[in-house]
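Next come the structures, one after another.
Next come two complexes, and both contain chain A; in the first it sits with chain B, in the second with chain C.
This part shows the complex of A and B:
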């Protein structure tokens, strides 16, 4: 779950990292007033979750309060990768002597946190790592045993930094390592971390991602930052269709029938489970089919969940048929899903034999499931038909019908 | 032969009185597992299909002897404690079924396991099976369904998806290819044991002649496997299936397992396929191509 820049900075400030004066503004008048209050040159930055603000023209510098107000008006309508600004941050702009990069993230290979440090901050770190590897250090540290500042010192030193900068940077980097662990973050990044011309250090830009699974453990912090329980902070906000899908899944705790993601195609998908859904979605597309949605069923969902998910997908405008497909199931019962999707069709006012293009769920309780499907005249297949071919049969029916 | 588990492997189930764990107990016993005890705090004295329940792992060890393994099936907020308890009671092989555990806690469990010389499979996995020998976890479901999909043989299977482990095994079985051991390694960003970490076990197992893997977007596990294969001059042909190709165009969205998010180029299926093919891994476009590719690769070796 990504934080806005102003939220990341609020957390950094709370933990004693050095930051310049700044204000969040929502109108041009406010931008003018706060720029005057800060004094001198300021920078206005669009608050969006996606990267690429600078390129999009959503970061601008102002020397006077009036210029700040004009920039506010200019930035406000700019969408960054389709995202409108939440607000605009006005921040003091001081002359920079040196830019550093520091980030803490997870290293899935060593299964430990890693602190990445460079004295070539301000630019794309992956590029620096390729062109100037000696200026980027990567240092793993323990998430279990106590950590001390020497780890930060070693990380900084390994990127060829010494002198008073080494000593001044060490507590900042060490604090970021502690913040990362304490709040279950998946990314804590400061880029750039600047030494200003007056010799002081300042966090100029920062990014924080918190693990969604850990939200419950950090309610106090999220409340303090003003992040609501209902904010998903996904790459894009959920559509009404997706919100309804989440409701279907939340009704009871038996299994999963959710993770609904809307697409603009015409073939509804009732598919599962985690890996099976990815496989089947690819298969539908490979056959030239156009999925209306992605979803996941699994973990033996209740009949009513399967029913409601089916109803929801059939209610989507333009969806004429659904394909009900899974990998060979272990703990999900085929007969329960079969009853659920048939009931869903009927409640949606549809004939199951017409609405269900294919039913391919082999495994536990399949004989019972297949009997029910036969009774309603639904086209089904067992494991002798591959997931890929089952998807192909569904797509062929769509193409024949259009 | 097989890897990690066989018919003599003894284990316990932590969280044994939970709904899913009760099913697990039944399914594993029916497949011939040696479950010597179960743990649920406050439920000592009960029994689940003849398996005695204790309040803590220490009490199981005291009354039933030292188990080799444990299946941990407890809610996410209690999982770390349960795994630490298993590790500090000398358990050497732990299958974590639970999903939605934050990475920090998984990393801490893995670090302690390394310090204690133990191995973790999962979290967010269905465990493993050595067909005809034993299974440890929910993989394959009820024993009758498990026997239908899995047969004893010479192919090792590793999968980031529990369900797809069974789909692949079933496809191999239908093509006359049995399996030595199939491991559902878990769908999270950090897992106890990766493909590359399992390879040495398969390499040393005389029964294993080839490997089939299910892979997906997110993480560096496929890159790590490709490096291992290239570096170790593996005797085993590897065939991989790559799911989630559509996600390459959808940065930052999360589909399927928690570990699948595409954040950078290395997380994409295109990058993974390229790395695996460069290391000599055959990448299948469809599950049903796996048996044929394995047969071809085995024939080329002879």
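This part shows the complex of A and C:
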């Protein structure tokens, strides 16, 4: 569950991190008044959950209160990736000498939290990691054992920061690590964390994601921040395609098939099983494929559920083929999914042998499933073909246009 | 609409039997049989949901119900 910037900053401030004066405003008059109260130059920032505010023109600097009011009017109608602003944050414009990046997140590969630190803040950290890897440090720590400031110091030092900056940054990074653990966060990020011209440090932008399942454990904090129980905090509202997918899933209690996330590619995905969705989605991208959607199927969905999901995906403009792929399944019937996706193709007016780029679901009742696939001429493979290679076969077909 | 993958056939001599109809309805987890006043009715819309459990075969006199895998036929 994502926090708005002003909420992230409220939590950082509560924990003693350094922040400048700021106010949340909802009208141009208020923007003018608060800019005057702060004094000097200010920055107005749209409060949205998605990234890309700067590019969208939803962050503007103002030198006078009147300019702040005008910028409020200009920012308010701007949608950032389809999301309207919740409000606008007015804060003092800080004279920056150096920008740093720090985030604490979960490292799935090492199964531990990780501090990511860079002395090249203010820009996309993934870009920095690619172009200047020596300026990014990654330091794992235990979520079970006590943590100490030494770990924070190590993380900062590993990004070649030393001297007074190292000493001043250490308590900030250490506090961020504690916040991450204490509130069951999946991401606690400050970018940029700035050294100002007077040598002090300030959090200029912050980003927090809390584990959705942990909401119940942190009701007091959420109440304090004004986050209601019913706020889903998705980065953007669901698309009509996603709403239809949810309906497909909700109409039948058997298994899962229909929770989709829309993307703008041409290869529809019917994927799932034990983390298989993420692996398969990544594999398709790694092979250069362009997924039209993400989805999760599993838990033995009914034939009609698999059919309706297939029909929905094939109805998406630009989707030429689907790839039906899962990890090895023990509690999902291969033959039932095969019946579902083939029936979905036929009802969508498509030839299953053309529309299904690959069917790779090994597991329960696979022999029966393979008979069905053969009958309809669908290209399939068993567990001797890895998920990665199956995804590659699907992408190759898309690229060959066959 | 008949099933694409599965057909279920019930012999005429047991079709009108209310007791067999009730047993068939009870035995099938995916609602392929419906017991009516006239006996048993096969619900075509659900045919492709058949999980091939054979419980219906055990609920009716031997040979009176057949579950046909259409994909095994030429």
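Basically, the second predicted complex is superposed on the first by the 236 of 402 C-alpha atoms of A that agree within 3 Å, B and C clash if a C-alpha of one lies under 4 Å from a C-alpha of the other, contacts with A are read in each partner's own complex, and residues count from 1 in each chain.
Following the convention adopted for this analysis, contacts are C-beta pairs under 8 Å (C-beta built on N, C-alpha and C of every residue); 3 or more make two chains touch, one makes a residue touch a chain.
Source: prediction; values computed, not measured.
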Chain B versus chain C as contact partner of A:346, first or second or both or neither: second
First, second, both or neither for A:282, with chain B first and chain C second: first
Dominant toucher of chain A (residue count), chain B or chain C: B
Which superposed partner A:103 touches (first chain B, second chain C, both, neither): neither
Partner chain(s) touched by A:303 [first = chain B, second = chain C, both, neither]: second
Complex interface listing, chain A residues touching chain C: 302-304, 333, 335-336, 339, 342-343, 346, 368, 371-372, 375-376
Complex interface listing, chain A residues touching chain B: 50, 106, 108-109, 111-113, 126, 142-145, 181, 184, 186, 211, 213-214, 217, 234-236, 259, 261, 272-279, 281-283, 285-286, 294, 296, 298, 326-331, 362-364, 383-384, 386-389
Complex interface listing, chain C residues touching chain A: 4-5, 30, 48-49, 51-52, 69, 71-72
Chain B residues touching chain A - in the complex, by the definition given at the top: 20, 23, 76, 100-104, 106-108, 110-112, 126, 138-142, 145-146, 149, 159-164, 166-167, 170-171, 174, 187, 189-190, 194, 214, 216-217, 219-221, 224, 241, 243-247, 250-258, 260, 264, 285-288
